[in-house]
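Sharing a structure with you now.
Chain naming follows the written order as A, B, C, D, E, F, G, H, I, J, K and L, and within any one chain the residues start at number 1.
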Amino acid sequence: MSVYKMTEIVGTSPAGLEQAIQEAVGRASKTVRDIHWFEVKEIRGTVKEGQVGEYQVRLAVGFKLDD
Amino acid sequence: MSVYKMTEIVGTSPAGLEQAIQEAVGRASKTVRDIHWFEVKEIRGTVKEGQVGEYQVRLAVGFKLDD
Amino acid sequence: MSVYKMTEIVGTSPAGLEQAIQEAVGRASKTVRDIHWFEVKEIRGTVKEGQVGEYQVRLAVGFKLDD
Amino acid sequence: MSVYKMTEIVGTSPAGLEQAIQEAVGRASKTVRDIHWFEVKEIRGTVKEGQVGEYQVRLAVGFKLDD
Amino acid sequence: MSVYKMTEIVGTSPAGLEQAIQEAVGRASKTVRDIHWFEVKEIRGTVKEGQVGEYQVRLAVGFKLDD
Amino acid sequence: MSVYKMTEIVGTSPAGLEQAIQEAVGRASKTVRDIHWFEVKEIRGTVKEGQVGEYQVRLAVGFKLDD
Amino acid sequence: MSVYKMTEIVGTSPAGLEQAIQEAVGRASKTVRDIHWFEVKEIRGTVKEGQVGEYQVRLAVGFKLDD
Amino acid sequence: MSVYKMTEIVGTSPAGLEQAIQEAVGRASKTVRDIHWFEVKEIRGTVKEGQVGEYQVRLAVGFKLDD
Amino acid sequence: MSVYKMTEIVGTSPAGLEQAIQEAVGRASKTVRDIHWFEVKEIRGTVKEGQVGEYQVRLAVGFKLDD
Amino acid sequence: MSVYKMTEIVGTSPAGLEQAIQEAVGRASKTVRDIHWFEVKEIRGTVKEGQVGEYQVRLAVGFKLDD
Amino acid sequence: MSVYKMTEIVGTSPAGLEQAIQEAVGRASKTVRDIHWFEVKEIRGTVKEGQVGEYQVRLAVGFKLDD
Amino acid sequence: MSVYKMTEIVGTSPAGLEQAIQEAVGRASKTVRDIHWFEVKEIRGTVKEGQVGEYQVRLAVGFKLDD
């Protein structure tokens, strides 16, 4: 029976929502093997002089634990 | 007096969030005429080798019922 | 001690989620100086003939109050 | 063992909340036999020149599935 | 310093939402003195032959505890 | 691209829920032009001697910002 | 018009979820006649040496008030 | 790109939570091919003479739409 | 198997949050033996001439039922 | 019939939660007369070198609108 | 003063909800000593040919941190 | 592009809410460098003989991941 662990990560990017998600997923994959899925928990961002500065997307990522 | 029905659909796309939304909306329009609006309920996705595999966006779509 | 105010705004755009967010942030910046951050509260949209018409993103934006 | 299905419907009426609920319930009953109960999920409405235009009540209605 | 207690009650009425609220408030007042306020927690109802049978409004009512 | 602002208002009335909503909508329309829609956020009320004293309905009202 | 009261109870059992629910329902029935339904609000539990110690299920139970 | 539809169903069983889930899943499979997953939305039940009468588990079930 | 009951209480104090919590817990202990834990459900307060008048903390308190 | 408006404000203070609340309430009272109550929506804070830097309490404050 | 850490884990089992919970708790205990309690966050599952394939229970588990 | 990780921790203290928060933040800082912010998720506590025993504050703390 598989068991999965969830970790919460915030990816940031000035480029857009998908880029912020990919930042988070890519960084998490450096430490954890076998990430299977992610869930978006929150979308926030910073603003500078009337422009979006960066997007901040909080994800829960799920990965399989070794037996 | 108009009456509307809501249906819940999950669109998927490797390309991005808007594409996943459009997949869902487009597919729903094959079966149901007169979809007026959608609401995003959940954003999830799959991960493969440190990259987002596909975005999964769950929508509630609302359409008008005939009288 | 800083005090911040939150205002709720809905930005719309046919182009995508980031554009709708930028519309809201840009418009709010015309009236209010010193917007620091935003939080996405809701994502909705309209549908026309099986295509997304416009994205509607509801934001809470936070700005610093003068002392 | 009974099994029930839930469907989400939005009833509208300029007259009031109960009338919007009845609109939704009545319309749903044209298509589905044996609706047992409803649950209010959301109450919204339109405004025209400072007056409520119509009430929009989103319901989940539950009906029994045939065996 | 005052202390208040909250109790949860469901009032029912075929006549409408306000009547269901008043049923609950009136019945609670038979047992508990000094009810100050109520909060609507849920609105449901029954359906019979395409008509609303009764409205069911779940309230939290708050009353002052004696010192 | 239209941008909308949301404001939160509590209307009160001893007469009923629709009247409390109309109080809030009508009062908001004195200050803000072009209110398009409202959403009910909370329903509360006061109780006096076993009777509902007044209904208090908290609304978010949305209006269009000038370009 | 019937009026119902809701009470919140936590049942516990090392045997399983259904047993914890039955513990709560059975105990509540000693004090209150005429419990009609329950709703699960929360599921928690204790852990001892890598094994579930006991399941703790928080229920809201609803019973009819005498007229 | 796959598109999925979600439907909400309530399964009931006097035997336990898993049985109520299986009732719902089994009944839904009579009408809809290709159900992939379910999500538990609510757990309720009836009580008779101090005993659980039946468990009622509300599920959202997801199935793949044909292209 | 232990069974616990939850009761909802609002403690108030002009002095601070902890004092409002203690007011609620202390008052509840006059009526109910064996309160084990509390959970904060809501924090509100009154304002008078630009100063916090009193803090109002709504608690759920849990106590053990006799067998 | 009174109508109230809600505004969302974030007060900050290194001293504690009550001080952050008072900062928000005091600042809001400079602009708006007749603030009646507040509700805590979120508690956050900053951390510096293992110590809480400042508490950030988000409040909704309610004040009476002139007739 | 004790400090606890929460970790989120998904246990899976074809046998039932309690077995899925025990899978998660047992696996977490291999890595972390001193798990005290768990909280169920979500219940999902897979479906194969009209039968529940496996139950997936997402837990938050809490354990004591060494001083 | 920065990436942050969130961890959930429960701090406890008999002294008050701020002390419980500081306990959690201080303990987390022993293991993790560069904690930036915290968010309060839940406030609970124990009761002994009518007095608050200890406050338990559940926090999500966010810290920056090395590149």
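Just so we're on the same page, contacts are C-beta pairs under 8 Å (C-beta built on N, C-alpha and C of every residue); 3 or more make two chains touch, one makes a residue touch a chain.
Small disclaimer: the values here were computed from a predicted structure and weren't measured.
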Pair from B-C, A-C or B-H with over half of its contact pairs in common with B-D: B-H
Angle of the C-alpha superposing rotation, chain D to chain J, to the nearest 5 degrees: 120
Farthest-lying chain, centroid of Cα atoms versus that of chain J: H
Mean-CA-position distance for chain H and chain G (Å): 22
For chain B paired with chain G, centre-to-centre distance based on mean C-alpha positions, whole Å: 38
Chain centre separation in whole Å, for chain H relative to chain A (CA means): 31
Overlap residues in chain G, where contacts from two or more other chains coincide: 7-8, 17
Overall pattern in which the protein chains touch one another (line/ring/star/complete/other): other
In contact (per the touch rule at the top): chain pairs: A-B, A-C, A-K, A-L, B-C, B-D, B-H, C-F, C-J, D-E, D-F, D-H, E-F, E-G, E-I, F-J, G-H, G-I, G-K, H-K, I-J, I-L, J-L, K-L
List of chain A residues in touch with chain L within their complex: 7-14, 19-20, 23-24, 27-28, 54, 58
Touch list for chain I against partner chain J, complex: 16-17, 42-47, 49-52, 55
Contact footprint of chain K on chain A as seen in their complex: 1-8, 60, 62, 65
Chain A residues within the chain B interface of the complex: 17-18, 21-22, 25-26, 29-30, 35-40, 61
